[in-house]
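All chains are identified by letter, namely A, B, C, D, E and F, in their written order; residue positions are counted from 1 within each chain.
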Amino acid sequence: MDSGSVAWMLTASALVLFMTPGLAFFYGGLARSRNVVSTIMLSFISMAVVSVVWVLWGYSLAFGEGNALIGDLSKIGLKDIGINDLSGEIPELLFVVFQMMFAIITPALITGAFVERFKFTTYLVFLVIWVTVVYAPIAHWVWAGEGWLFKAGALDFAGGTVVHINAGVAAVAAALLLGKRRKLGGEPGNVPYVIIGAGILWFGWFGFNAGSGLAANGLAVSAFLVTNTAAAAAALTWGVLTLIQSKRMSAVGVATGAVAGLVAITPASGYVGVMGALAIGLGAGVLCYFAVRLLPKTGLDDALGVFAVHGVGGIWGALATGIFATVAIGGTAGLIDGNPGQMVTQVIAVAATGGYSFVASLIILKVLDVIPGLGLRASERDEDQGLDVAAHGERAFVSDGAD
Amino acid sequence: MDSGSVAWMLTASALVLFMTPGLAFFYGGLARSRNVVSTIMLSFISMAVVSVVWVLWGYSLAFGEGNALIGDLSKIGLKDIGINDLSGEIPELLFVVFQMMFAIITPALITGAFVERFKFTTYLVFLVIWVTVVYAPIAHWVWAGEGWLFKAGALDFAGGTVVHINAGVAAVAAALLLGKRRKLGGEPGNVPYVIIGAGILWFGWFGFNAGSGLAANGLAVSAFLVTNTAAAAAALTWGVLTLIQSKRMSAVGVATGAVAGLVAITPASGYVGVMGALAIGLGAGVLCYFAVRLLPKTGLDDALGVFAVHGVGGIWGALATGIFATVAIGGTAGLIDGNPGQMVTQVIAVAATGGYSFVASLIILKVLDVIPGLGLRASERDEDQGLDVAAHGERAFVSDGAD
Amino acid sequence: MDSGSVAWMLTASALVLFMTPGLAFFYGGLARSRNVVSTIMLSFISMAVVSVVWVLWGYSLAFGEGNALIGDLSKIGLKDIGINDLSGEIPELLFVVFQMMFAIITPALITGAFVERFKFTTYLVFLVIWVTVVYAPIAHWVWAGEGWLFKAGALDFAGGTVVHINAGVAAVAAALLLGKRRKLGGEPGNVPYVIIGAGILWFGWFGFNAGSGLAANGLAVSAFLVTNTAAAAAALTWGVLTLIQSKRMSAVGVATGAVAGLVAITPASGYVGVMGALAIGLGAGVLCYFAVRLLPKTGLDDALGVFAVHGVGGIWGALATGIFATVAIGGTAGLIDGNPGQMVTQVIAVAATGGYSFVASLIILKVLDVIPGLGLRASERDEDQGLDVAAHGERAFVSDGAD
Amino acid sequence: MISIEAIVRPERVTQVTQALEEAGCPGFYYYNITGQGRQRGVEVFVGRGAQMATRSSVPKTVIRTVVPDDMKEKIIDAILGSARGPGEGDIGDGKIFVSVVEDAVRVRTGERGEAAV
Amino acid sequence: MISIEAIVRPERVTQVTQALEEAGCPGFYYYNITGQGRQRGVEVFVGRGAQMATRSSVPKTVIRTVVPDDMKEKIIDAILGSARGPGEGDIGDGKIFVSVVEDAVRVRTGERGEAAV
Amino acid sequence: MISIEAIVRPERVTQVTQALEEAGCPGFYYYNITGQGRQRGVEVFVGRGAQMATRSSVPKTVIRTVVPDDMKEKIIDAILGSARGPGEGDIGDGKIFVSVVEDAVRVRTGERGEAAV
């Protein structure tokens, strides 16, 4: 056990956990003000639900030995994992914890497509099932030693497929089944919340990416550097695009750009250098910006643009990993380094994770929709009134005197 | 000196410090909106006051050798502690720093009972005296090598007695002497503040508990894992209870549940496994939920329910440590592992710390109340106007135009 | 490579990055409410712009070998820095990252003088030029092995000259050229933002100062301790001064005091002990408090008092380092330890960095002012309307119904 | 001139203001209020999220416009046609109050009376 | 019908609205304003927390109800009996303004006049 | 007594209230509203910061004072002299509405009529 790596991975785990409240504020600020609490809760409650699911059976399904498709129940309830059992240089329990934080935030990301109309109680059930049936298997494919994509050599350092593409396509499935909000979104309700959310996400993402090597070493440092670089490049790109668009630079746009860059660098963060990161960030800024502009024209009400940012950004990142991977960083060559075959693997990984997530999410949601007493959509009255009061019995802000 | 442990303990100290602004927002969001600044300040100013007290004499009183009841003045002003003097694997100054953060947040926790009516200048005096006369001795009893509870084998890994029971009963003492607010609380003034506060607390608590082993090792990892698990279990429990109560899930309830779980796991975090943590979290959720519902019926205006959460949660945690402690984690067996004697020690620790804190806090507050020029309670006019303007000359929010 | 030091420096880098959103909120809360977004953006965008500049040429200019005055272009684009190349105990890329965070926050600090009237597009250009022409050289002088102030033995552990004096005098230059706001500031628009900003800054500053030794060791611990102590002492001092002034304790004042203390301890944090830190904090509280009160009488509209806090605090800190430095901590004696010569060096460092920054910033801003299409000042109409809408097309808060 | 004040559900503001524009209303303004009438409020959590209380008041928005007397019915019809919730006439849909305005001045020009509206 | 507007201290809103209900008031609404009158404002910190200025205005709340003419005195009495601060008559306790309302419409039903109130 | 309501630009509130004080106005209050008239709104970003929409409404502030009838012109002049933006008469400078107030009561004392204002 290397105490330095333990120290860093404890920190990284805490940082990734902190991303979920950050996301809650990021999304909460984008929603209209009578749905702030409910939007925040969609993310926040994942910390409560998924933490429990993960220690009970999620980890075992994802990282128990099993087969190429799924783990097994050998580690259910984390049984037989001693506090000094190692997984590489760090205790296995630390790997459990770190991975748990990823399982928490992934479904929370999807909820950007749910806001202002998803029925909260149904969402609780969705969380449990989705993490079990969609998240755990995909994590197993990509990151477990037996996983078929892992064995196929797919590169996903910190979760481009497992987290972002996965969440992005699940969001599309949800938007399809949910239908449009009765009142479409206008101006974000609280821009500072978006910014503080983005700040926390950027901060926490250092744990996400630089922790994914599971050690405090040069690779972690490199991942940290490229993470910051891609975030910055994408934020700047997006900002400049809004400036061109309207002579004004959208703060929400810059924040969204940063997130798009962070998404795109995620799979690549252990494989590319700083120049690759600049290119990835730039690409993410451009692609996601146009995705956010154009996708609403499809008529799909992916309310906060989850697919535009996490889906498009994740796919770009997965492919860009195949393009820019360099032996000097992560030991694997990409297209530019003369290994076009890696691109094929990356495409397969994208298609497989995206395809599975879409179909499985669609089925889960459809089933939940037809189960009596559940159903996906809040009542019209509740939606009009705002879900803060209707689903949580709370208003976000109550001032003195007239309130 | 182990650099990995130093790295982790530096981080943990920073995390615990960050909990106090987190608490400031947690409490600030629960208060009515004309008392946001004042509620925040009650916590925030503790960082300023207690930091100074701690380096001057607090640390020495708590951890100077002394006797079974209190330390001595040998380390006043931290004199003679060199920068490379060790305390275990880490520099003693790092132990000083880490412990300081606990001394800061403990009195801040009490202030949940003070809000909307406590006189701020008196509070400043209270802070100095209380840390000196109540906090330092109890910390000495439980954590110093000479402390009588330490010697008696009382288990309190990260402060269930020293921090939470202590703060919880002091809050009761305060509520008794202060009397009711002129206008009792209604809806929380700012739910997002409560959530971001809870998020920061959850994040920081990893430092609190996983730092309390003072090293980056398997025990720290285990403490981290059980902390998260108990928080999640209690948050979920509370959320489900509100759902049963009203078909709505209170976001404030979930946040409070998380804190209750964190409180309860605190003493146990170095002694129990993940199943114990689930049980502790579940118990904390149920017990504190009913405490928050029922205790107001006593007529005591513990405004933000400090006793209901930190007192009840702390007592439950201390006893649960005696129940669920397992040799495999912390080297000590609890009730379930066949050591019923530990329960006796735990009960003694609860009674002693709670009893002392209650009596001493009551006396301190009574004395402050009768000293001319001090007094516990703000004037009626100030209370009506709100303490933000009255005690701090500030309004929380000023909008343009009509303000 | 020491994994513990890597762990700590990764954490420290993340902490310093997080300071910039913290600063965004600190400043954003001080501005009037129709300029919240724009004030936040002035800080936040620095993360995007300077990150890119730094990896492309900033780092090379600051820390490439070069001469006594400036680095060279040998490390442009971070070329030839391998992921395992070391700089001391840590990878050089980690040093790159850590230093980048300082380059990000320094120009952001200046923007306190820009708020409510600076033209945002011009600011983007300013950022690029200022980091290149002012920040990089000064960082080179003070921290690079070849830098003339470094060689002269000037003590600046974590950036009193490079960051704070630099930003403080640049703010004066800006205020001179910009002129007054059409409507001077009144009450801060959002006090809780100021507090959460201060909380994040305090938290992040542990990375700033305790990371500046580039290792997880006793010196880092000492820097952590004195940082906290000075912040607390200054916060308390400022709070007490407001209490004397008006029987009310300003929360914004306490927060500003904390920042003033953090500023002042920055250069000293690796050289002084806890008693020195108390003195430095006390001095910073007094000096900056009176600077904030008196400097507006000069007629200069340094809107958020950047010079009063960072300039005055930075100068005091640089001189105080010369006074209180003690061999036992950092190996260098100051005035009290019998080395009056250090004071001379410190004065030279203050004068040189302050002088250069003032002149160079003035020239840069003047040039930007006269370039057609740029110009420093937003139009009167935009200023009246508020820059949130005018420059960013966004309002900070949009409520439902009537908005 | 008359002043027409409509107290409506916040979620209907867009529809009502659109209807006003279509009816030729020269200008209007609106602001959020808290209202209480026959519509019963909702149960909300108080304190730390374990106790409930009924809040009898509900958020509403006032839309006010000052128009020449002869536009009265047109404006009222526009509001009636746009302010009702999905249920076509629910308790809490709101009220309209009409009162007399003696004089109006346009700040920009100093114009008086109906010309200023 | 008449409109009664009471400008009261924010901390008295609960008492006043309760008194209105007890007086049989059919409905009302309220909103926060910033007021200035004889009551002098308070000293507040400006800027970075070291300078003070006097803010002459103070937060108040307007409570408005439209009622049949004959309820005028009853309503005014209810307000007078509940709006005063602890000091029984302090500067800043507020004002009541009464004006005529010509017509009222209930959005839900289209009812007119006193029936709509 | 009459009620004078001025809808002004938020950034002019300080000037207008100062002018009111100088004109001897005994008291007033003000609150923010969202207004729509001839002044066209601004383009703003919607959603995630890549799409724009035009918001036709703009923030304004209402300042209201109730004064004896004979102060009418003095007050109007004070407002006209202080509410205009830098351009001396821009669209969106606002409106003033005057209406009759039947009665006033001072809560503190129970005084009635002009004495209460």
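One rule holds for everything that comes next: a residue touches a chain if its C-beta (ideal position, glycine included) is under 8 Å from a C-beta of that chain, and two chains touch if they have at least 3 such contacts.
Owing to the predicted nature of the structure, the values given are computational and were not obtained by experimental measurement.
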item	value
Pair joined by the larger number of C-beta contacts - B-D, C-F	B-D
Approximate Å spacing (C-alpha centroids) for the pair chain E, chain F	18
Euclidean distance of C-alpha centroids - chain A vs chain E, Å	49
Gap in Å, rounded to a whole number, between the CA centres of chain D and chain A	42
Chain C: positions in contact with at least two other chains	2-5, 7-8, 11, 34, 186-188, 196, 216, 242, 246, 248, 250-252, 254-255, 257, 392-395, 399-400, 402
Multi-partner residues of chain F (each touching 2 or more other chains)	10-11, 30-34, 43-45, 52, 60, 62, 99-100
Contact graph of the chains (line, ring, star, complete, other)	complete
Chain C residues touching chain E - in the complex, by the definition given at the top	30, 185-188, 238, 241-242, 245-246, 248, 250-257, 289-290, 292-293, 296, 304-305, 308-309
Touching residues on chain C, where the partner in the complex is chain D	399-402
Sites on chain A touched by chain C in the complex	2-5, 7-8, 11, 15, 32-34, 186-192, 195-196, 198-200, 202-203, 206-207, 210, 215-222, 224-225, 228-229, 231-233, 235-236, 239, 242-243, 246, 248-252, 254-255, 257-258, 274-275, 278, 328-329, 386
Chain F contact footprint on chain D (complex, rising order)	3, 17, 26-31, 66, 99-110, 116-117
Of all residues in chain F, those that touch chain C in their complex	9-11, 14, 33-34, 42-45, 52, 85-86
